[in-house]
Amino acid sequence: MPTNLPSGRDLPRFAGVSTFFRFPRWEDVPDEHRPLDWALYGVPYDGGTTYRPGARFGPRAIREQSQYLKPYHLELDVNIAERLSMADAGDAPVRPYSAAENHGAVAGWAENLPGAGHTRLFAIGGDHSLAASNIRATWERLGRPAGGLPVLHLDAHLDTVDEVWGERHGHASPFIRAIEGGWIDPARMLSIGIRGPLNTPADLAFGREHGIAMVTMADLDAGRAFEAIDVWRSAVGETPVYVTIDIDCIDPAFAPGTGTPMCGGMTSREVMNLLRGLRGIRIAGADLVEVLPDRDPADVTALLAAHLVMEVLALDAVGRIG
Amino acid sequence: MPTNLPSGRDLPRFAGVSTFFRFPRWEDVPDEHRPLDWALYGVPYDGGTTYRPGARFGPRAIREQSQYLKPYHLELDVNIAERLSMADAGDAPVRPYSAAENHGAVAGWAENLPGAGHTRLFAIGGDHSLAASNIRATWERLGRPAGGLPVLHLDAHLDTVDEVWGERHGHASPFIRAIEGGWIDPARMLSIGIRGPLNTPADLAFGREHGIAMVTMADLDAGRAFEAIDVWRSAVGETPVYVTIDIDCIDPAFAPGTGTPMCGGMTSREVMNLLRGLRGIRIAGADLVEVLPDRDPADVTALLAAHLVMEVLALDAVGRIG
Amino acid sequence: MPTNLPSGRDLPRFAGVSTFFRFPRWEDVPDEHRPLDWALYGVPYDGGTTYRPGARFGPRAIREQSQYLKPYHLELDVNIAERLSMADAGDAPVRPYSAAENHGAVAGWAENLPGAGHTRLFAIGGDHSLAASNIRATWERLGRPAGGLPVLHLDAHLDTVDEVWGERHGHASPFIRAIEGGWIDPARMLSIGIRGPLNTPADLAFGREHGIAMVTMADLDAGRAFEAIDVWRSAVGETPVYVTIDIDCIDPAFAPGTGTPMCGGMTSREVMNLLRGLRGIRIAGADLVEVLPDRDPADVTALLAAHLVMEVLALDAVGRIG
Amino acid sequence: MPTNLPSGRDLPRFAGVSTFFRFPRWEDVPDEHRPLDWALYGVPYDGGTTYRPGARFGPRAIREQSQYLKPYHLELDVNIAERLSMADAGDAPVRPYSAAENHGAVAGWAENLPGAGHTRLFAIGGDHSLAASNIRATWERLGRPAGGLPVLHLDAHLDTVDEVWGERHGHASPFIRAIEGGWIDPARMLSIGIRGPLNTPADLAFGREHGIAMVTMADLDAGRAFEAIDVWRSAVGETPVYVTIDIDCIDPAFAPGTGTPMCGGMTSREVMNLLRGLRGIRIAGADLVEVLPDRDPADVTALLAAHLVMEVLALDAVGRIG
Amino acid sequence: MPTNLPSGRDLPRFAGVSTFFRFPRWEDVPDEHRPLDWALYGVPYDGGTTYRPGARFGPRAIREQSQYLKPYHLELDVNIAERLSMADAGDAPVRPYSAAENHGAVAGWAENLPGAGHTRLFAIGGDHSLAASNIRATWERLGRPAGGLPVLHLDAHLDTVDEVWGERHGHASPFIRAIEGGWIDPARMLSIGIRGPLNTPADLAFGREHGIAMVTMADLDAGRAFEAIDVWRSAVGETPVYVTIDIDCIDPAFAPGTGTPMCGGMTSREVMNLLRGLRGIRIAGADLVEVLPDRDPADVTALLAAHLVMEVLALDAVGRIG
Amino acid sequence: MPTNLPSGRDLPRFAGVSTFFRFPRWEDVPDEHRPLDWALYGVPYDGGTTYRPGARFGPRAIREQSQYLKPYHLELDVNIAERLSMADAGDAPVRPYSAAENHGAVAGWAENLPGAGHTRLFAIGGDHSLAASNIRATWERLGRPAGGLPVLHLDAHLDTVDEVWGERHGHASPFIRAIEGGWIDPARMLSIGIRGPLNTPADLAFGREHGIAMVTMADLDAGRAFEAIDVWRSAVGETPVYVTIDIDCIDPAFAPGTGTPMCGGMTSREVMNLLRGLRGIRIAGADLVEVLPDRDPADVTALLAAHLVMEVLALDAVGRIG
């Protein structure tokens, strides 16, 4: 059942209360349209930040910038609103003062959104700690698949640090928690964009030990990304994958509005092309994180984030064609 | 029937889809709560601008900044959500390319919002041309009161220019149109904050000829505002007045985000105190206009606009006590 | 007759009243220097905007940033001021409130600038609706060439929408108007940079039906641009072409200051190299549009726009050598 | 022993590693200069924030802006570096993820800075939760004076909320904790600048019950501040008072860079004059909090914060004369 | 002969090449309109700066913001373009690398502008070192009046420092140079707005020794400004005075865009009212300095500077009536 | 002897007094750790600027942004703090008002830093005129090697202009001075990134005459950079080279915060890869210049500058392995 979007002819894109992409609010979707394909929700939480906070305002900024995008995806030739039914489920009930509690609160809420087994979860952040919550909820809603979900991970950092300042649920730790929980399968995890001096040798060693396929920027510049992607796709096959995009996978020139920016990152075009190249992939759930509006002159980061959410949805939509 | 607001304890003020002051959307108000006291709506229109455009994004910015304000008004000791029932009626169906058409479209839509005779209209802009529309709708909904509405007008400019570049419905003209239409009573119109080199002698002459009480900044500095207000209140008596606030009544230090800023304006405190001093006044309708987010570093103008909308609502609320 | 430019040694580049590239004002050019090769003029108009307005301040910003550029073009090894005579003809007499009237007023004024047949028009915007005006004037000044002008079009969008909100002369419509008027030849129109979710299937269908050669970013990434350019150059031959550059052809990282930014665009280097690769082309007229200074932190967009204007002028200048 | 400051003649104010006011680092002070009069230290912590985070970068920004201020205070005619010995003690060992732990860590560290009984503590934030820590350390270092310290409190909010989202050591709670601990004397606490819709009736009731003298902006506008100050000074007498300044006591026009800005606040001049009017007061310790650099265009808030720190130091210095 | 200004009806205020207030360029004034009353010129020089440079871009920013102001001054009820003939004389031939040479070059050029004895000089900066140049030129053009010119000086600093880093013509020194040269009369110099920690006791002592009447912000707050102004006006009588306005006389909230901002300054309204209160004064020449666009979010400082230039011109214009 | 860095676990990266990369201050290094490998120092000087000043604040901004980077360099697999001993030597004693004096003062001070022959100099600017000073000091400390130092020069401009406005030590002239002094060997100088309209034919002719290998952006796009680098490396051999990086070698999208930005520059990734490709090179000294914080929204330029300083240090560190 396609999503009913207001036309820009009737409601200009600078008008109206802002929901993600002008999708209907979750509570406004009539029963006959359910279950939906996707629930998009915000996680206005940045209590897991290790450097610059403020990503709690990310969902609001992305809602606003996403008003501007129409549903037709030119390059994949698909109209996401015609192929997918989607709604804005509002924001998760964050617990601002405790990363551990927040993890549980967000995961529990998301797990219990109606439509488990059909309606997938797209979490928009907010710091990367939310990935652990959304992955856990996704895994639960899929019936706890053995071995955990394959993961496509775009990021400057591996985010597998065990703890920082005594906290094990911060934004440096979602994937170590997800591996521990069995929610993801590190041997089918592909991390692209790793670079720069916030990573440590221990981070890389952890990745190697657990079989994470890491594509650093040096690998990417050397043309080694395609091979890694092919290997990963073969390993994944038809299994739905979880897609997690930290906006800092992209260079600060394109995405200054983030809390741990690293120079020398991917361009937005590289990321878009990378995603489009995955045509045919099945998607289990997704998140886009670490947009920090207070560092985002001219809102280019939030706009890019909206584009990337649409890329993931279009990738899903195009997988349903033919 | 008081307005049901989510608590910041349950939904932090940085979370959730943004409606004005977190009021319920118009369509979500149950019938037993109707008719509401106020419908707040946006007018994302700036096609009447003579200098710098961009106020079409004003409603969106004010929605966002208003999330932050709780309903209790300390100085007037009143909780607006307990005294008044209010909703966010969304944005009017603007016609971006024609000021005349837009005037009609906005006025007609607002006139027909349910609850005429009870539910008052608070239009949030958008450029000042919307005042003509909201005033007309207010006047119609009150049964076309003979003589027109008294007006409290806070602005750097009189906005009674007949036409600019051939257009008679631009943002310099709302009050000449409203006088022509009989929707307002210029002899009971009080304009405070007039100043600076965008005004012409012809503007002032028009005001004097029509009996508008003008309080320039020089008058205000000389202490002549209080007397003018007293005279006006006496003339107004119990008649509900229309309140129209152009954010440029305030100095650019406090409100840089506007399209025709004039230095030497009121402070935000002066405007707040002025409004609070009108305790007991009855309000027929209101607007707040000319917030231009692209010129608003740190969002202070939109935040101030939200404060001022709350001042008007609190003034109304406190009039209902005892 | 070369253009007389003040040296930075005498008048530092941060000094003086700002005309485009420090060219003389049109009215200051002595008769013996006429007819000039180029008249650059501003079109401070954004009334045709469908999303974010403010490009009316584009000409002013580009005038200011262009102060900084010297006339020697390193890569093409040509000094534009030695090869071309140019002046700043000021701003066209815009009609801020009516796109149709503005179209006529700008086109009529530009058509009647002295030097028709020799002096070419470079319009600097302002929104893309001005392209229809400048193309019409160029076509008229060339004696209404049968079949219309070939066009090189750099843009994220095709801008061939018939009408928006009832307006047929907005910034989404210049090329449908130009095709209707016979001012351009769609079969010799090359549009490069098309991308993203503001385009619709209908836009693309229109382009295909009219024979417009479209190079999307996907085409460009796939290396298909060069072939398209070669085909177009063959079709164009020695016919002077009209060059129209919407700054949003470039990615928001390089050009944030524009009203309808689309992520995933060309880099400034790609556009520069693309233009330099056209060495030998003849140019009939040109425009550069959609610079929005209020969204342009650090003025990088206006600076880039000045660079691109210079690229087009240098391309013309180098065509005159040998 | 006066503080040894580099002259701007030798080290321009835009040069050098930035310590507070170019005071020597704590570890560089020779023993013969000890004990110092003041230790200034940063608390880069914003984990107690209820709305917009980022004040963890406040100490860094204030260090930088303070480079610019010379030690002579014109209005009080005193050179703070000649009258007082001071050093920058660096930043407290914050615990970013737990407000309760952070409270203890900061308080414990500050309590144990050498010079207890002589060297007073000036904490620079960071969010207002640090006030509880610095007050506790000050009280301990003074030998736990019975009845607690008198307090001068400049703020838009009372900050006596018991808990928010389960946290009792957040930035809304420092004074309720300090009252509970017996570290301050609410009956000799004067809160100036209270205003706006973040306060609740319960906040005010708490203040009244505990005898806090509250001067709202309405009181201040009505001229009631002077009387309140006189009463408080009489009650305080020669007892050293703790001074706590939340930068949001000042209007957002002057101090936009803060996390919970409230319109209608004091001007910077009012606060300066208020402080200067307290000539003769004895000071036990101080803090200045809630500077948020990411919302501070042109750094005016951090510069103002530096000015205000100097006002407090000058007030102390002038108390030592004659 | 009044100044011929384009109407905003014909040339919108966002259009056209920017000269100061849209006055004609000096070279465009026909001979029959000469001599003019005022030559406004820019001094794009900041080589005399002691802290933050960038004021070389001040003239350009003020030209742009001044486009927006109409010639009618509401409060003084005078149209400056009807009473005064004025032109934009462009920018002085600055010498960016040597303050001493620059002083001579600017002063010499300004002295030789045609119309000496009639045409007065309004220099727009640029850093305050230009005041020495413009004062010297003014004094020369008036025939070297014995005793020097009386001065009205609005500033946070006295600017009478003998040298800084070996330079005697920097922006801290214009008035010591002017006193030495006999160009101004310190006994008839009134400095208003002095404040803050960039002043030293030596600065104040110098002022007192030379008879400069200093009104600090403390004096102003204590109501002592009016008396000082009266005394000064009595001393000045009918002698034309030189007016020099450093934009940092105003608080950073209103004028953040300046190189040595000091908190606690005048409001723009105070300065406007102060100037308007001098009705009847005769003006020999003027400058407005220290606007630094790179620190001026939303251009409020440059806009205020344009307002203040207009205040001085209106003060002159109104002196010519009746 | 490795450099002792505080861990982010003990001192979060948003805490503490900012020295370059959190290296110890020069004066805090114990004797047994000396001589150090590198002294990093700031040159807060922009008096040699020809266009936009403000780079005097560059060292401060880079100190702040460098806090964030850890010492492990992922791509070169080296921890710079383990391989190199380094300290922050503070800022050089600049002479703000005279480029010639400043050149001498900075060069003399740097030459005399202890450790000549072992401790290399990394100057961080500040405008490019400092390169002449740091090169001279480096050459002196190496015992005046005959023929001068080989140079790797990344820049948009050649900076070999003899004089500008009478000044021979400005930021356009460091390399002509260094060639004259015999401090560098132009025949072993490689300049990469040359582009755009600030260069003149005379600049290029000078470069060719002196044997400077110039790689323009056109060369780079044509793949000619690798060959030029190979030739240069062969010529250099084991001789330590001086590395000078003008941040404007990089495109304004990545590095807007600079005084003479040129569009069409390198990406940050290209520069990083270029440097990493020089593995094995020996480094005699280095500078990184022209960071202008007032034009640097979101601090991306200063962050990039910190990254690039680390690239050079890592290149040196990796040369010491094995």
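Going by the order they are written in, the chains are A, B, C, D, E and F; count residues from 1 in each one.
Here is the rule we use: a contact is a pair of C-beta atoms (placed from the backbone, for glycine too) under 8 Å apart; a residue touches a chain by one contact, two chains touch by 3 or more.
What you see is a predicted model, and the numbers here were worked out from it, not measured in a lab.
Asker: Which chains sit in contact with both members of the pair chain C and chain E?
Answerer: A chain counts here if it touches both chain C and chain E, which gives B, F.
Asker: Taking contacts as defined above, which has more of them, D-F or D-E?
Answerer: D-E
Asker: If you average the CA coordinates per chain, which chain's centre is most distant from that of chain F?
Answerer: Farthest from chain F by mean C-alpha position: B.
Asker: Report the chain whose CA-based centre is farthest from the CA-based centre of chain C.
Answerer: In terms of C-alpha centroids, the chain at the greatest distance from chain C is D.
Asker: Over half shared or under half: which fits the residue numbers at the contact of copies chain C and chain F, same or different?
Answerer: On the two sides of the chain F and chain C interface, the residue numbers are mostly different, under half being shared.
Asker: For chain B and chain D, let me know how many angstrom lie between their CA-based centres, rounded off.
Answerer: Measuring from centre to centre gives 38 Å for this pair.
Asker: Between chain C and chain D, what distance separates the C-alpha centroids? Give it in angstrom.
Answerer: Chain C and chain D have C-alpha centres separated by 56 Å.
Asker: Listing for chain F: what residues touch at least two other chains?
Answerer: Counting only residues that touch two or more other chains, chain F contributes 12, 14, 50, 52, 56-57, 96, 164-165, 251, 253-254, 295, 297.
Asker: Is the way these chains touch best called a line, a ring, a star, complete, or other?
Answerer: Contact map by chain: other.
Asker: Dump the list of chain pairs that touch, please.
Answerer: Pairs satisfying the touch definition: A-B, A-C, A-D, A-F, B-C, B-D, B-E, C-E, C-F, D-E, D-F, E-F.
Asker: Quick one: which bits of chain E touch chain C in the complex? Just the residue numbers, please.
Answerer: 10-12, 14-19, 25, 42, 44, 56-57, 59-60, 63-64, 88, 90-91, 93-94, 96
Asker: Looking at the complex, which residues from chain E come into contact with chain D?
Answerer: Those residues of chain E that touch chain D are 50-52, 164-165, 194-201, 204, 216-218, 221, 251-254, 256-257, 260-265, 295-297.
Asker: Going by the contact rule at the top, pick out the chain F residues touching chain A in the complex.
Answerer: Its residues touching chain A are 8-9, 12-14, 68-75, 77, 79, 251, 253-254, 267-269, 272-273, 276, 297-298, 300, 303-304, 307, 310.
Asker: Using the touch definition from the top, list the residues of chain D that touch chain A in their complex.
Answerer: 46-47, 50, 52-54, 56-57, 95-99, 101, 164-167, 170, 294-295
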